Each structure stands twice: as C-alpha cells, then as structure tokens.
Amino acid sequence: MTMSNIFLISSTSLIFIGLFGVLTRKNIVKILLSLNIIETGINLLLVAFGYKEGGKVPILTSSDSINHLGNMVDPVPQALVLTSIVIGLGTTAFALGLTIRYYKTHGTLNIEANDEEEVTAHE
Amino acid sequence: MNIMLMLLVVPLITAFLTMAILKHQKTVWTIFLAVSGYLSYALFTMYGKWDLSWSIELGFKMFGKNVVLSLINSPLGWFFAFFASLTTLLIAMFSIAYNDEKHDSKTAPIWLLLIFSNIGIFFAKDWLMFFIMWEAMSTTAYFIIAHGKEISAKAAKFYLSISLIGTSTLLLGIILVSRLSQTFDIGVSIDSLVKLFSTNYSAALLYIGLFITTFLIKSAIFPFYMWPSKAYAESPDDFTPFLSTVMSKYGVYGLILFILPILAKSDLPMFGKISQPAYMLAVLGAITSVLATILAIFQTDMKKLFAYSSVANVGYIVMGLATMSVVGIQGALFHSVNHMIFKTAIFLSLAAVIYRTGERDMHKLGGLVYKMPLTFLVYLLAIISAAGIPPLSGFTSKWLIVQALMAQKMLFVVVAMIFASTGAFMYLLRCLASVFLGQLPDKYKDIKEAPLLMAIPMTILMLLTLAIGVIPGIITKPIDAVLTGMGYNVEPSSWTTVHTALAKSDLNLTYLFYVFMVACVISLIMYLISGKQEKIDQIDNYTAGENPLEWDTTPDRFNFAYGFYQPFKQMFNPMLDLISFERWMSSFGRIVERASSALSLLYTRSEGAILMLYIGIAILIIGGMM
Amino acid sequence: MNSVLFLIVIPLLGAFLALFGKKANRIVAILITAFTEIFSIMIYLSDKLPVSVAIGGWQAPYGINFVLTPLSVGFIVLINLAAIISLFIIRGEKEYQFYSTYLVLLAAANGIVLTGDIFNFYIFSELTTFAITALIAYPRNRRSTGAAIKYLILASTASSFLLIGIGVVYKTLGTLNIADIASKIDLLNPLTLELIIVLILTGIFVELELFPFNMWVPKAYFAGTASVNVMLHGMLGTAGAYIIARILLTMFAVNGSGMLVNANIANAIIVIAMLTIFVSEIAAFNEKKLKKVLAFSSMGQMGLIIFGFMIGNEQALTGAFYMVVANFLAKIILFVLTGEFIAMTGSDNWEDMKGIGRKHPVAGVSFVIGSLSLMGVPFFAGFWGKLAVIQGAMSGNSFMITGIVIILITAVVEGVYFLKISHTFFLKKEDEKEFNAKARIHSIVIAAALAVIVLAIGVHPGLIENNVNRATNEILNSTSNYVDVVFPGRY
Amino acid sequence: MQIINYADEERRQEDNRKLWDKVTAYFRSRSLWMLHYCTGCGAMELPPIMTSRWDIERFGIVPMATPRQADILLLTGYASTNTMKRIIRTYEQMPEPKWVIAFGSCTVNGGMYWDSYNTVNNVGEYIPIDITIAGCMPRPEAILDTMVKLMNMVKSGDAKAFQKYKDNYGYYKANQDKLFARTAPVLESASLKYVHNETEGSEQ
Amino acid sequence: MVVINIILYSLFAILVGLIFMGIGRKVSARMHLRYGPPFYQSILDIFKLMSRKSFTHNFVMDLGMVMALAGLLGTMLYVPIAGHSAFISNSNIIVIMYLMAIGSLGMAMAVTASGNPNATIGISRALTMMLGYEIPFFIIVLGLIISNNSSSISVIAASQAGSIWNWNIWHMPLGYIAMEITLQAMMGEKPFDAMIAPAEVASGPMVELSGKYLGLGLLTHAVSIFVETGLMVNFFFGGGSNPIDFVIKQLGIYLIAVIFDNIFPRYKIEQAVKFLWIFPTGIAVVQLLLLAF
C-alpha cells in the first residue's frame, strides 16, 4: 500500500463519514461538524491528487531546481486547498452565526423545526 | 388598408381603447355595438371575394423558414364569421341595455379581444394563426366567464381545465402535422395527412384524433359534454348566447375545415356507406345529443337546461357532418346558423327574465307571460324553432340532417337524433311552462316588459327564424358557395325548396307555411264562431272544491314546476351517476389537489433535503450507467 | 479589454465602501449596478466580441481568464437588469449589511458568467451562496433564518461534490481552464467522465432548482423579500441557465456540438427535467402562498429550459434561449407585483388578494400578462420558446415525446392555477377596509414596462431573434466560438 | 219558505225562443255531462245507472272529472256545512249553462240528519236546484227518470236555475255567509298553515 | 282552389274522426254489454261544447288551442287519402312527425297556461309518453323508409298497390305488431293513458278546459285519430284504392285500438315508457335489422 492510496482511502472515508453525518444528524451544530469533516476529506483528497512519491516541495530555490521539476509535487492542488480551507472557514463561521440566530428564533437546534409558524407576512 | 387586416385590427384597437374608459359603461358597450356592426358590414361586403388575403412574416424560424401568419377569405370561414358577427351585433344591442349599474360585468374589452380571435380562427390560413387565435379565444373566454365573481370563477376553472387540455392536444397535433408537411399551411397538411392515411393508418388516426379531441372539447361533444352546464350557467347573462351559439361552432368549423376533407379524400375502411372514423364521429354526436337531452330534462336551472340543449344541438350538427354527404353537411351548416339564431333568442329572452327578476331557478318563477308578453313570444317562437317544428327555421335543418342520415343508412344514429329531438320538446316545454306560464308569484306582480333595446334584437331574431323557416334559400344559397368551395358538386338550391338524397322527398317550405297558415285560419274560424269566453283569475282553478288561497298557499307554491319529470327521472336515476362526467372530472381534480398538497408539504417540511440530494445523485449515476 | 474586470471589482469595492456608508448606501448600490449594466450593454454592442481576457498577464491555461462572448455578455446584461430592478423595489430602509452583501452577490454573479476557469467558477458560486443566504436571512425572523440555514447546508454539501469533481478533473486532465477541458474531454475514459459529470452536476443542480435537488427553493423564495426574490430568480436563476449552457453544453460537449458527451447522462438529465416540471407544477396547483406558487413555477420553468437545452438541436436550443428571456421578464413582473400585493394586503395568501386588480388595473393586467407568458399563450413571449422547444423535441426519440406529453399536461395545470390566481385579483373585495399599504407607482411602472416588452416579443419574436441566434450559434459551434477564442489557433 | 218553480211558470208561457236557441238546447239536452259530488250514500246509486242495466250513456250522459267540463252537478246526499263550501265553489267553477240535481231527502229537508248541528237542511237555500229526487235513497229508476226529465226541461228551455242564481245572487250569498260564519275557526291555532319546504338546487 | 280543397279535406277529416269516436264509444258500450250512445254522439258533444260559455285564464290558452287544432289539420293535409291529397306534395313522413308536434305544443301550452297543477302533471306525463312512443314509431318508419328509399308516404303507399298480398303487413309483420302497440300509446288509449287518468289527475291536460276549448281539444283528438289511423293504413294496408276503402280500413284499425282500450288496465307512466322502450322497440329493431341486412 503506497502513501497515495492511504491518502485516498482515508480522505474518501472522511468524505463518506461526513456525508452520512449530514444525512442523519438533526442537530445543526452536528451537521456543521459533518460538513467540516467532508471538507477535511476533500482537502486531503486534493492534496493527495498532487502528491508524488518522494516528491519535493515545489519551490524553486535555485536555478538548479529547474532540472528537478518532474520530482516536485504539483503545487496547484495545494493552492486549491488553501482557497478551499478559507472558503470552508467562511462557511463554518457564517453558518455558526446563523445557528445562533436559529436558536434564538426557533428555541431549538433541531433542523426539522417548523420555520413558518406564527410569522406574519413580509413583502 | 387590407380589409382582412382591418377585421383584426378594429376589435383589437377598440379593446385597448375601451379598457382605458372602462368606467363609462354605456359608452363602452356602444363602442362594442359599433365594432360588431362594422364587422358585420365588412363581412357582408366580403361575400364572393374569395381572393382576399393577408399575411405577415415573423422573425422566427421554423423548418428553416421564417414563420408566416396569414388570413384568407374562404367561403366556409366567411359563412361562420358572418353569422357569428351578426349574432354578436344583436347581442351587443342587448348588452347596452343589460349592462346597467346592477348587472355590469365590465367584460366589453375582453369580449372585443374574443371577437378579434373569433375572426382570426375563421379566416386562418395556416395552423399557427389558427392556434394563436384558438388559444387567445380560450383564454379570453375564461376571463369573461369568470367576470370577477367567485362562483363564476369556479365554473370558469372547470371550463379552463378542459379547454387547456384541448389547446394542448391541438398544439401537439399541429406540431406533428406541420412536421409531416414541413409547413404550417392547412391545405398542404390536409394533403399530407391523406397521404399518411395510405401509408400508416394508425399514425394518421392518432394525428387527426388529436385535432378531433380539441374540436370535440370546444364543441362539448361526448365525452366532454359536461363543461357547458357549468360555464354557460355562470357566465354573464348577455355573454351566454355568444358562448353557446358562436363559441360552440369553433369545433364544428374545425371539423369541417380539416377533418372532413381528410376523411373524404382518404381511402378508409368502410362501415356501411361511410368510413369508420366518420361513423365513430356520428356515434359520438348521437351519444352527446341523447345524454345532453336526458340531462337537460332534469335541470331546474334554466341556463343549465339550455346549456345542455346547446350541447345536444351541436351533437346534431356533428351527426350531420359525419354523414359526409352534401345534404348532411348542408344540414349541419344550416343548423349551425339556426342554432345561432334560435339559441341566441332563447338566451336573450331568458336574460331579459333574469334582468327583471334576478332569478334563474325555473321553479321560483312562473306566469311571466302576463308581464313580459313580447319576451314570451320570442321565447315561444325560438323554442318552436329549437324543437324543429315547422314552419320555423329549426325544422329545415333538422329535417335535412335526418334525411341525410337516413340516406346514408345510419340507422341507430338517426334514432338517437329523433330521441334527442323529441326529448328537446320535453325540456323546452318545461322551461316554457315553469317560467312563462302557470301562476305569477306575488313578488313579480310589478315587473315590467324588457326594455326597448333588449326587445329590438329579440324581435329581429324572432323574425329571422321565421323568415329563414319560410324561405330557406336565405341560408342555402351561401351554403352552396361553401360546399362548392369545399369541392362538392352542388346544384344551385332554390329559394323555397330543400332537396335531399332520398327519392321523391324534396320539401317546399314556403308551401308548407301557406298550408299551415290556411289550417290556422280554419282553426281560428272555428274558435271565433263558437261561444263566448269569460276571462277568470289565474288562481281560480279546479282543486276539488278547495280554495288554495285559504290554505295559505301562494300562487308560486301552487305551481307544479319542481320535479317536473319526476317519474321519468326515476327511470334514469341508476344511470345519472354513471354519465356524470362532471363527477369524474372533479374526482380527478381532487386527486391532483391531494398530490399537490402532498408535494407542497414535502417542500415545506424539508427533512429529507439531503436525502433527496443523494437520490438525485443516484438518479444521475444510474442514468449514466444505463 | 482588461476593463471588464470593473464588472467584478467595482461591486466588490462598493461592498467594502458600503460598510461605512449610511443613508447613501442605496444610491451607491444603484449607481454601481447602473454602471455595470451600462458597461455590459456597451460591451455587448461593441464589435470586439468574442474575446478572452487574461488576468494579470498570465495566459490561459496557466492564468485565470475571463471569456467575453455574446452569450456570456448577454447574460451579464440580463443579470444586471434584474439586479437594478431588485434595488428599485426594495421596500423600507435597509442597513449597510444588505447593500454590502448585495454588491458581493452582484460581483459573484458577474464572475460566474464571465470566468473561464472552473475553480474560479467554484469560488464565485460559493460567494453567491453566501451572499444570497445572507440576503435571505436578512429579515432576521424565524422564517428567513430557517430557510437560510437549510439552504446553506444543502448548498455547502453540494458544493463539496463540485469541489471533488474539480479535483478529479485536475487530476485527470491537468487543467482547470474550461476551454482547455472542453478540447480535451474526449481523452477521458467513460467511467471517469461519468464520475466527473455527476460530481459537477450535483454541485450546480442545487443552484439550478432541479428536482430532487431543490428542497430549498420554496422556502428561500418564501422567506425572501420581493427584491431578494428578484435576485434569486433574475440573477441566480439566469446565471444557472448560463452555467448549463457553458458547463454542460460547452465543457462536456462532443466536439463543441452542443450535445452532452455522455448520452446516458443526457437522458438522465432529461428525466430530471421532466420530473422537475411535473413535480413543481403539480405542487403549485393547490398552493395558497403566492410566493411559493411563483417559486414552484420558477422550478418548473427551469426544468423546461433545461429540457430545451438537453434536446440538442438548433430548434430546441433557440426555444430554450427564448424561454430564458421570456421567463426572466415574466417572472420578474410577477415577483415585483407579488411584493406589492403582499405589502398591500398583509397576507401571503393569494386568496386574500381580492380587489387589487380593480384598484390597480395596470398592475392586475401586468400580472395577467406575466402569467400568460409563463403559460406559453400566444401573443406573449413564452409562447415562441415553448413552441420551438416542443418542435425541437419532436425530432428526438420517443423519450422526448414523453417529455412533450408531460409539458402539455403540466401546461394545463399551470394554466389553471395561474389564471385562477390572476382572476382572484379582479374579484370584488369582500370588506370595505382600505389596503394596508399603498402600491408604489415605480414598482407598477417597472412591471408594466416589462409587460410591454413581453407583449412586444410575443407579437413580434423577431425583436430578439438576432441575439438568440447568436447565442444558439455559439453553443452549437463552441469549438470555433469559444475554444478558439481562448486558444487562438488550437483547432 | 217560498221557492218559485221557474219551470212551471216558464212552461205556461209561449215558446218564443229563436231557432238557434232551440237547436243549441236540443244539442245540450243530448249531451249532458255530469259531475257527481259524492257527498253521501247516493253515490252508490250512480254506478248502476252507468253500467249495463240502465246504461245512461245512451242519452249522451257521461261522468266527467272536473266542473269545467260538466253540465250537471249531482249532489248525492246530505251536505255538511264544510262540504257546502266546496259544493258552492265547484258550482261556481262550472261554465254556463249548468244544472243541479239534488238526490234524496237529505238535500231537501235534512233527511235523517235534520237536527244535526253541522248539516245543511235545505241545499236549495245556498245553490239553485233544478230538480230534486225524492227518496232515501232514490232508486236508479228514479234517477234515470229524473235525468230524462231534465233532458226534456233543457230541451224546452225550462231548466233555468243558473239564471235564478245570477238574478238572486244577493239572497244566496247572504245565506251562504250566514252558514259559513259557523265554520270559522274558534281558535287562531286551529287554522291550518301550510308549511312549504323550499328545496334548493338542481334535481340532479 | 287549393284553399277550398284544404277546407273540404279538413272538414272531412274532422267528420270522420268524430264519427270514429262515436263508433268507438258504441263498440265499447257493446263490449260492456250496454246499449251505448248513437254513433253521432261526438258530433252532438262538439256542438254543445262549442256553443256554451267557456272560461279562459289568459290569451295563451286561446292561442294554444287554436295552434293545436291548426297543427293537426296541417298534419292531416300531408297524409294522402287513398292517393288523394289536398295539394301536390311528397307527404314526407318526417314532416308529418314534426308537424304533429305543433298540436302537442299548442295543447301543452294552453293547458299549462291555466296554472292548474293537474294539467301540468298531465302534460309532463303526455310528453314523457311521447318520448316513449316516438322511438318505436320512428324505428318502424325508418324500416319503411329504407326499404323504399324514400321518405314519401305516397311512395310507400304506392309500393303496396295491386294485390292484397303486396301490403306491408305481410312483408313486415313484426313492424305491424310493434306499430299496433305504439299506436295505442299515440292515441292515448289504455294501457297508455296515464296522462289523462281521470281518477288521478282529474283528466290531466283537460282539467281546466271548458266549453269551446274542450271542443277544440276534442276536434284535435278527432283529427289525430284520423291522422294516426291514416298513417297506419298507408304504411301497412296498401293505402286504400278509394277514399271509402281507406276510411273503412281506418275504422278497422281504430276499432282494434278501442278493443284493446277496453280490455287493459292502465300503466304508470314510467312503466309505460319502459314497456314501450322494451317490447315495441325491440320488435321494431328486429324488423329493422331484418330489412336492413
């Protein structure tokens, strides 16, 4: 079993665990946790896509490095992962903020609470 | 400016104009009258000019060509359009008086749009124009039927659902047929369908089946015979005649325009003397008229009663068309005009009654003949015509249809026709007896005769039905032009006599009228030479010595009007539920409503949102694997 | 052509500025949107299209690029039009967050359409998700919070799939540029291709309101105010239509022919489109909340548009684009008026809206025109689209015929509920009470103006024929019209 | 009580009717349609005269269902006060010329019910009687004989009781009113009210 | 000339019809073991009725009764009497069927105008009965029409000329049986006389008719007897070689109806209609199928 396969398997399991959590949990906080697990899994997956057995850090330190380009791991997935982490962070923060509001308006964190009770119409 | 275009533009522009001044009702309806007058005049001048046409190219490509909308003045279209405009003109005059403060329906602008689409349907040269106008007609009619009343809106919903099914099938049919002929032209599509009948019989049957469904829906032929009873009854009283007489003819027009030529030109399996699809059509017409007649007999609401009567009459027309013979088509066209005239007269006289009394249930009325003698006379002559009794016009067309059916040996269809015709007598008399005759209720002691503006169109209609009855040539001459235009060889018809295909069966109607008049004179002399009569009070009846008034019985309760044909109804009771297409429709509507609520709940609760997402993914994956 | 960046940068800048503004926020937002609208119209009318703009001097496929084609700029015009209308119909004072978020949404929506890079597309779509969630949640009541968080969870889950899909694309093709992917898509083995398509479609179908990905839609529309509804429909929905045209019919197309590379999945999408049409129209039939009815109708229309896109011949594609325009215009009329009507009656229920059409005939008639257009009645814009889609579907297999039958059946249901609702406005008001609020003239004017456009297109479809043909042509020949623009001389 | 017998008085006069009147009188006498108001036991005597034993139809006399069609009103027995009201209404609904035959002693003097509180002793006080048949009850032969007599009276123009009713209407009306004052309800609640249930909607 | 013809034919038909009614009464009486009235009794009745005073409720009654008689007279004029006719016509059966309806309409209008519930019930029954008998009647007529390929009675009558064996009664016996039953209903004789049932609805339509109105009604009935029996003669008995022959055949047919009238009780209206739609209609359909195929 190569490193790459380990990455793949663990990331896939993380994603599936997250998907399962999103499907089955009723508590919003737990759902958000599951979403984060998915995200972690995806990040791992993306990194694994760029991973190379025995590869080097993709930084051109000297003019010599130009000859070892093939030996470096792919930098693009890492850039993607960075962006994705930022987005994931934003999502989590925003969602948690909404969760607080949700608890205030619904009095519960159950996702299945009815949204439309006793709300007067707004345009 | 092209006169064909003017026919379209004038109602359209006035529709928007009247929308702006909707508050001045009398002005609006007068404009409406003026427009229908203009249309009738313009159409009158167009008789014989069969080369008039108009077309416009749209920036929209189909089959690689730009789409063209075109109109043409064909004898068939002219025939229907002219008589429809004439009817509209008379109704318009009535409407001016009818739409006062209390009865204002504010429908004139939409009605003008309807007239616009009316012209479009009758003069359309290509399917796209036909469809556009057809759909415009269906939709505008919805708004007129509903006319801002809750109860009417419910009835109109019923109309709308069936009508939209009709437009859907029409659209499907048009697309299929135009793909076949690679053009929207109606004439070309007839030829290509005839060709298809020789190569792929069942496909061609499906194609014309779609069109026939549409036409049957619009004309309310079995199995779609139920919607008129709701829509006609709840529409504005002055619109009901238009709905019943003009709008029920769109389907008939469609059948003559498209289905008859195909059936005539194609080589089809025969059943007796005529082809199987035509026979099927005749059977549908027969079932319609029988069922509608039976249902009409049991109605207590007079507008519903005449709604069924209209259905039955269109059934006759379809039977006449299905004979595929010259006499039959002549009879059908003749009956179309007759139906326009006498049914308009009936509905207008009923509208006058409703205008004065505000009551639609027959058993709550009675004895109106004392107060509204002219209305009574109009109604009487109209029902004589409707019952097909000589010497009024309704007889001639019914007679022609019966003769044609007999000549084609469509035995059971003609029996159904006679059944419906005799049954017509029952329901027509029911309304006559319950509304105009019998005891006058106390609360209607002070009502007056219909206003002059209502009386004029009613009188004109009455005279028209008499004139056509005595001199059938007024109608048969234009019908000659129509039949010639359809490619039949017809001998020019005479002013007085109608011919049939049977031996020695021609009938001189003018002579019939003379004979009847002499008989009338004999009978009148007998009446005059006999003893004197004394007029007594209406309530002074034989009641086994009792005086009903002493028993706290008011005149209207004394009337026998409710449950008029009770014993007869008992015979049909087991059948009534079965033939209630209305019930099927509403149970289907309930199913849709329940499904709708369930789905709506699914979206409201949203527990399964993620699950549905996964299901969606599964669909995609499985779909991709297959 | 680097100035095209203004379409994204200026709204983002405005979003930042709005944090400090107070009363002037609305003016600023309107000015910025007006600028982007006018700018995009100028681009559309200029003769430089199509063109690919590399950002920061890095040429594709290495750098990020924006692709300006008649199709994309046309959609930008529509999106910005919806945006400006949504600003005009805002009722009451809003705090700075609203305008700030709105401007982010505008930037992101423009970005989705303009970008030529799939990862960029992912980022912009996440941004729109955030922005629209925040806007839905803005009233801060129970209904809006619930709808917002449910939408956010669903969208985030779905976008995870999108991200995985993008990762797989990169792993297999080594590129993230749409044009590049489009030219190399034949190289993939079928299984991987299917995996990629499914993953990416999952991500975008949630935005596209397709059944069964659309559990959020009625809630979101119901929770949002009228202006948010216009944004949801006019900006997000329209961008969604563009995504379909670009991702499905360009990126995953066979040799740039506008046909999806995997016919089985195309069929699956058609099934989904039909399901959407059927389910949404049936669900709308008995719905009493007007906004939800419109939401269901939006879903149905989207299903119809995608059905048109997936048929894959010129006729149907033309119809689909006609439909995009018609649906865009008609539905905005309805949303604008719905907002007014709800404010007037204080009820969400259309049964309570009697008498409005009598009080404001222009509004009532505009609503009728909008509904008739959605029903596909002749003389209104929707008709030509529907006609062409059905005509196009007729040349397909029996599968398509089923679709036509479903369209026709649902047209009946749609007609019944739309006319039923339209007619309710013209009923007599039962009580003599005055309405809660006055209808605002400018809303009615907007609705009426759009209604006139709908009528004009309906009477003379030639008005937008050129534009639609350009769009159709671009999809059908995306090799020469899109890939060549990004990589001149590759083919 | 003095009742002028018009028949006798007329007979003494000359028969100076016009020819037309004579002809109509002949036809009328040959086609007498009767309405039998079956008030008492006399109704039992009518079937024999209509059936094969005596067969009154050979004179053109047939029973009719309503007063509108009838020429003769047969009062076949005693009349109670309430019945009298119906008899008078029926009589007034008959078109002229019309004749009345009273059966049995009950109609003349009350017969065996002469002292009953609610029978009319002399019907002739309230409606004009052309001819009465004595007996309790009269035999069919007597009825047949009376019929023939009435036919002859009609033919000769002597049967003019309806004319008498018209001429002396005030007298008859006063008698009737006096009689009916007895039938007025004592209590208000005793008067019958007809309750009518309006059934709404279609029969369908 | 035609006008004089029409008047003479009308008087002839009225006279014949009235005498038939008288003979019918005589025959009934003999069946009851009675002596019975003279054969001219109906003429006496008519004269009495026309000469006496009568009550009218409104002008519709007058109009209706005049219309009823006029309609029947008009119908009668279209029935060829042994090849003779008041004027040259094809004597179309369908015309006769519809013309007869004028009589019914006039009658119905006149009696419902009186406002008497009994009359209205009677009319509702009469019309229901009409629907009952028109169906078998028309099916029989249809059989005649398609076998002759003409809807002219003259043609149908002429086709039976010559020997007695040419009569349609031999060619279509089933049709004749059905027609005989139907005729009973058409003439309103028992067992199909629910509409005038004197004991139930006080002679139904006639309840309010007095004097000349009843007289006109009786005349209408007389003419209708003439027309219906005349049709029967033309349909099944060769139409007669001369008027006397024709009238004798008519009398025979009428007497059959009278005999049936005397030996049957009365159907309720719905029973009557059911009976008419099952037995005569069934027989007529069998006859029609035999003729058509």
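Letters are used for the chains, namely A, B, C, D and E, taken in the order the chains are written, and counting of residues starts over at 1 for each.
The rule we apply is simple: a residue touches a chain if its C-beta (ideal position, glycine included) is under 8 Å from a C-beta of that chain, and two chains touch if they have at least 3 such contacts.
The structure displayed is predicted, hence computed values, not measured ones.
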item: Subunit C to subunit D, fewest steps along touching chains; value: 2
item: Other chains in touch with both subunit D and subunit E; value: B
item: Chain closest to the middle, measuring from C-alpha centroids that were averaged per chain; value: B
item: Busiest interface, counted in C-beta pairs; value: B-E
item: Identity of the chain that, by mean CA position, is farthest from subunit D; value: A
item: Far-end chain from subunit E, centres as C-alpha averages; value: A
item: Distance between chain centroids, defined by C-alpha means - subunit A, subunit E (Å); value: 98
item: Subunit A-subunit B separation of Cα centroids, rounded to whole Å; value: 68
item: Intercentroid distance (Cα basis), subunit E paired with subunit C, Å; value: 78
item: Distance between chain centroids, defined by C-alpha means - subunit A, subunit C (Å); value: 27
item: Multi-partner residues of subunit C (at least 2 other chains); value: 150, 153, 157, 219
item: Multi-chain contact residues (two or more partners), subunit E; value: 51-55, 202, 207-208, 211
item: Multi-chain contact sites of subunit A, meaning residues that touch two or more partners; value: 19, 22, 111, 116
item: Listing of all chain pairs that touch each other, if any do; value: A-B, A-C, B-C, B-D, B-E, D-E
item: Complex contacts: residues of subunit D adjacent to subunit B; value: 37, 66-68, 85-87, 89-90, 93, 95, 192-194, 196, 199, 201-204
item: Touching residues (chain side subunit C, partner subunit A) in the complex; value: 91, 119, 123, 126, 130, 133-134, 137, 139-143, 145-150, 152-153, 156-157, 160, 163-164, 166-168, 170-171, 176, 219, 222-223, 225-226, 339-340, 342-343, 346-348
item: Parts of subunit B lying in touch with subunit D, wherever the complex brings them together; value: 295, 298-301, 304, 534, 540, 542, 544-547, 551-553, 557, 562-563, 569, 576
item: Residues of subunit A that touch subunit C when the two form their complex; value: 15, 18-19, 22, 28, 31-32, 35, 38-39, 42, 45-46, 49, 76-77, 80, 83-84, 87, 90-91, 94-95, 98-99, 101-102, 105-106, 111, 113, 115-123
item: Subunit E to subunit D touching residues, read off their complex; value: 25, 29, 32-38, 41, 44-45, 47-49, 51-55, 198-199, 202-203, 206-211, 214
